[in-house]
């Protein structure tokens, strides 16, 4: 029961994210989700991966203006999460394979989770 | 008699004049005057022999025969030369077989056979002459404006219009000769001229595709020509006559050799009428400028083939192998070409397949060979000639104005070019809808098939009509789509073209209205003559007079209804439903990623079901099997 | 005697609801509630519809859509806001992407409360809507402007 | 032959009584727990305002001075959170729902000015006013 | 004789929409019961129609109304011809004309859903047309006439005796013509569809009402063809024919409620196969017995 | 050939009650390409954590979706309980499991009905929904709501089910088996249904893994992936084994869900047999500590993901819900390519889309 709630969170840096995700993908991990939290130092992005019910979380903390590598090249299904982060937070991604250009969620104000932008 | 001579020779004179006088103005005058004269002459011919009905002319003249032979040799040399020049050796070989055989026959046998009646007029040839004289010449008028635009659009190509018009008029003359000759050798002569003319017309643009296709047409027609020659040889040597009416007479009395002649002539007819193994030449001919297509496929060339078969109809039917061959080939062509048309989006190809299909129907009617079937066949010839030329010319005009001959690009034509769209709608409706022409004949054909054609032909016509319905309505749908916010470009249409199109449209409607009259005064008398063994009192036509009257009334209603009601609505006009994403102009909707996506409406083609290739392969195999089978049996009978 | 009340066809659009009301709207069509007893058909096509059932609140995305569907419905027509979200924005009222209830975009004739609105409530709402429909039809026949039939527009917007 | 699999069900249904509840001809019987609408026994209310503060949709307003408890019926999501939190247990969940209206319904409950009398349904009803939003 | 024709045509024009509407109402009631519901009143189709008449007059373009009007007109004419005992082929071709008008009306709207609906309707027409023509041919072979007044002739007996295959084939395509599941591809009277309302998406108000009425006419006319198979000119024959019509209608309702909507491939394949097998074999048998034996 | 037609599919479309837009590029009737556009019902409710206390937030989270409402409530509670380190009573766990499985039944029956409607089988739709009402009656009786229950709270559940009612539930769901069997036969054996389902929308095991499909979508392609195996609730005690099919087409997805309905019935009956007495909740007081917790729960539609981050206040700093549909959209887009237009509604349905879940 207890280990169920144990959350494995591995911090990563923006530069090693891509290779790490790539490794995980080759290992047979699938992307569960990616989620962004607005924290004072910028964005905290958690990528979750799963392999046979084992969950692995990568936590990436970046300053707001930093552009990070899109992982859609590795797992295409990440386009949903990346577009979401782009629309709601204003996280910048490089080389997205399917970029809705801010029209994934049409919101009345741009990047509502990060009103400064 | 003089009218006949005029009809055959005058086009030739005009042709030479057109070749010599090369200015636009002169050409315009000559074409318009000649066209009028030919049309008037053909009407005069009809008037002249209206009461007489049938007359044969003794026009025995050795010089004419000699002249024909000389021209034939020249033509053969020309074909052989062209064949070698363009490396199409098969054409040369065929010509090299055909003409020497013919000359050998002339010298050896033909010379000794006395031909009493070289020319003749009967009601069928009057009908044909009217079609050639009116529709054919009106097409040449259309060609004036069209070719001007054509050269304007294709600046890179040399202006060979004098030659073009020369060939066209030559063609008209040859066609008149063809339908008026009773001497089979003369018939053959004109037959060969039309072959060659079509070769030049198809190859007009001299692009590689055009040359290939023109040679394909040539080779296939020469193949038919070979059959023709053999038929003449057999006819001359074993029947001892060269007269068509004699041949038919002998056939009715059951002279055995007639079967071979009929089969070979029917074979020639099948090639010329672009029936199934040979349909590809007609499709290839679509590379030519549109007036050519209209001329070749609606009123002349292919009509020569079906004319011959209809003429021979009394010799065909279930009792003769030739008849079975002809009706099966026609039936298969009808169904396969109709199916293939479903998968086409190029308007000219649709028209081409539809032409092939309709010719198939006529051929099948001829093959059945009963008076009811022939009645249907002749009606089909009339309606098809008018309607198809209208449609071909409409497509030509559309092509020059919207820059495409693809049906898909014609959407909303009703908004963009209302007049042209109306012509086309009339033309399309006339091809398959109830009170209009083609359906009447289809109906008659169906009745004839049920009575005499056997189950298979009934199935062919049932399924073929279903496909016909599909592709025509599909096209019709494109025409009628109303796109509120598209610009009207009708004014860009050339005056000559507009005149021709409206005339043809009116003609279509008029012929549909008066077809019972045509049937009564022209077709039925012909049938009584052609089928002397059928008691005229018992000649029950496929359509009872009640039905004809109803059809005419319906058509009248259909003309009146739009005049009274079309577009008269005071309802509020609202935008179309686009799942809540209409951007307001009915032409775009808000798509994914906030893009403005144009509303595009495209038809169905069902490539997987009715793919052109598939249908052609099936059709060609089936018809080749039938034709070779029939000839094998015939040959077996000889040996 | 007007037939609008005997055969109200409806169109249903999900503004930004949670599905709860939507499935209850659908449940109305199914054997237990069977609104076809009243001649109600879920047409799905605004051009055939008399009653516009809208569930969920309005947001930036669907504002134009709702408006367009409403405009494409022929008169007389009635808008029924089903569920709390459609009536007032409900629990999502404070969300950044929610503009409010249906009445922020189009005039609403009947409000059906409930989270989720029960099928019974929806039936009650439709019955109420029929009354409005009949009135609108009457106004239409008299040539009065139809929106005045109810005499109320969106004031707060 | 696996066609017509549903035939049995369909034909049986044809001759059976339909499953339809026939609402509104036959009124619906509600379960005891059915979350219909929130009711208040205004006499017990101390106007502490917890319900108003904790209401997820801010449907409840409590005015301590006017001694009024107002609920916007078209806002309430019947989560019964207020019922759970009410220190005096004067809020209750009733199993009948607010009827659909052409206007947004707001129910205003004002405590009677005097000292609370023994509560009865009639007094409640008298103190309820309906007004338009 | 002429009098009876006039009477039957007038009776058709007046009664067909009433009977057709009632049948539609019964259909909806029975369908509802099959689905375990109470269902609407039997008069519901009439309510719907009158309501549509009362709705605001809207259209998407000025041409549509004309086409729909022609559709209704020619459907009535079709039935009129039929009940006047005219040529069966004439009747079929007029029906085709009417259907084409409906399709053209849908095409003219330039709306994608209506257009795909029209396209599908066309496809369905292509699917059932052969069988309809074969039906006419079969009746002709048996009775020696295309005239409906001659087909119902005591001398001929019941056509169904010779045409069981063609009868079954015709009932098969009736599913398409009645727009019943599994072949309600182009538009369906109920249920959701990927094409919204398909063919009828862009028709509203009165226009839609006209289409409804036309469908009632059409249904009666189609049942009339079923009638032809049984009727033999006698009273009991007519009664039997009416009973068979009703049974056929009930079977269609049952089929409607027992099948998923098929795709167009199945629609065209199956109806062509039915036409080829049932129709062709039946015709062959008749030919064989008539001309060979 | 230039014969491509682009039609808008949605936002308003009768097939789907929910607004979703697809640009369908079709050739004849074959879909060449489908470009999804979502966001029509985006509300942004995750951001309400800033305005609603964690105890109120459960009512918001429940209303992410009216179909999987209970699961969302449970997932939220689990994640907050995880952050706060709260242990809930065993009876509450049982009750949650029972409600969750009932939700699954109702959701799957709803889906089966919609699927039947999607392929134009109206009577089947009606009968599915008729049976479904029985489950809704149980909800009405036990929670007071038909679709939104509001019974889950941080620390347990709000309402208990008494012994008699539990027995009744057990007999009701057991009694449903017979009727369900009849309808399951139609779905699994009827010619016309099989014709519409078999081989349509094939998703290979590799693709399913690659596109990270979840729930029945993944299980129908042969992936053994069911979050109930993780041990939330009392599934481990009930001896749960996931239903796996390997065909990967719509038929397999339908079969997985039908099997799951029967499985749910068994699980419910077993859970009712085993349910212990005791409290149904523990009191939870105080702020949410600055901690993180990730919870994954098997919703009827598949794996849902909850991430809660506390900030030592009554308000959470971040509440993230990733719903199964969200994860299945790539797989849906993939299966849509090359299908028939007539299959589009069905293929959208086979992922059992919950757009309100996806967009929150």
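So that you can tell them apart, the chains are marked A, B, C, D, E and F in the order they are listed, and the count of residues begins at 1 in each.
Definition applied: a contact is a pair of C-beta atoms (placed from the backbone, for glycine too) under 8 Å apart; a residue touches a chain by one contact, two chains touch by 3 or more.
The shown structure was predicted, so the numbers you read here are calculated from the model rather than taken from an experiment.
J.: Mind listing the chains that sit against chain C and also against chain F?
T.: Touches both chain C and chain F: A, B, D, E.
J.: Could you name all chains that are in contact with chain C and with chain E at the same time?
T.: Where chain C and chain E share a partner, that partner set is B, D, F.
J.: Relative to chain B, which chain's C-alpha centre is the most remote?
T.: Centre of mass proxy via C-alpha means gives D as farthest from chain B.
J.: For this structure, I'd like the pair of chains sharing the most C-beta contacts.
T.: Top-ranked chain pair by contacting C-beta pairs: B-E.
J.: Just how far, in Å, is the C-alpha centre of chain D from the one of chain B?
T.: Distance between chain centres, rounded to whole Å: 80 Å.
J.: Determine the centre-to-centre distance between chain A and chain E, using the mean Cα coordinates as centres, and give it in whole Å.
T.: That gives a centre separation of 59 Å.
J.: Distance-wise, how many Å sit between the C-alpha centres of chain D and chain E, to the nearest whole number?
T.: So the centre of chain D lies 52 Å away from the centre of chain E.
J.: What is the distance in Å between the mean C-alpha positions of chain C and chain D?
T.: 22
J.: Send over the residues of chain E in touch with two or more other chains.
T.: Counting only residues that touch two or more other chains, chain E contributes 32, 34-39, 56-58, 112-113, 190, 192-193, 196, 201-202, 257-259.
J.: Taking each residue of chain A in turn, which ones touch at least two of the other chains?
T.: Within chain A, the residues that touch at least two other chains are 100, 103, 105-107, 112.
J.: Where does chain C touch two or more other chains at once, residue-wise?
T.: 13, 30-32, 34, 37, 42-47, 59, 61, 65, 69, 90-91, 96-97, 115, 118
J.: For this structure, give each pair of chains that are touching.
T.: A-B, A-C, A-F, B-C, B-E, B-F, C-D, C-E, C-F, D-E, D-F, E-F
J.: Can you name the residues of chain C that touch chain E in the complex?
T.: Interface residues on the chain C side: 2-4, 6-7, 9, 30-31, 34, 36-39, 41-45, 47-48, 50, 74-76, 137, 140.
J.: What does chain B use to touch chain F in their complex?
T.: Per the touch definition, chain B meets chain F at residues 345, 406, 408, 578-581, 589-593, 595, 597-607.
J.: Flag every residue of chain B that touches chain A in the complex, lowest number first.
T.: Chain B residues touching chain A: 592-594.
J.: Can you name the residues of chain C that touch chain B in the complex?
T.: 13, 45-47, 64-66, 68-69, 71-72
J.: Help me check something: in the complex, which residues belonging to chain A touch chain C?
T.: 105-109, 112
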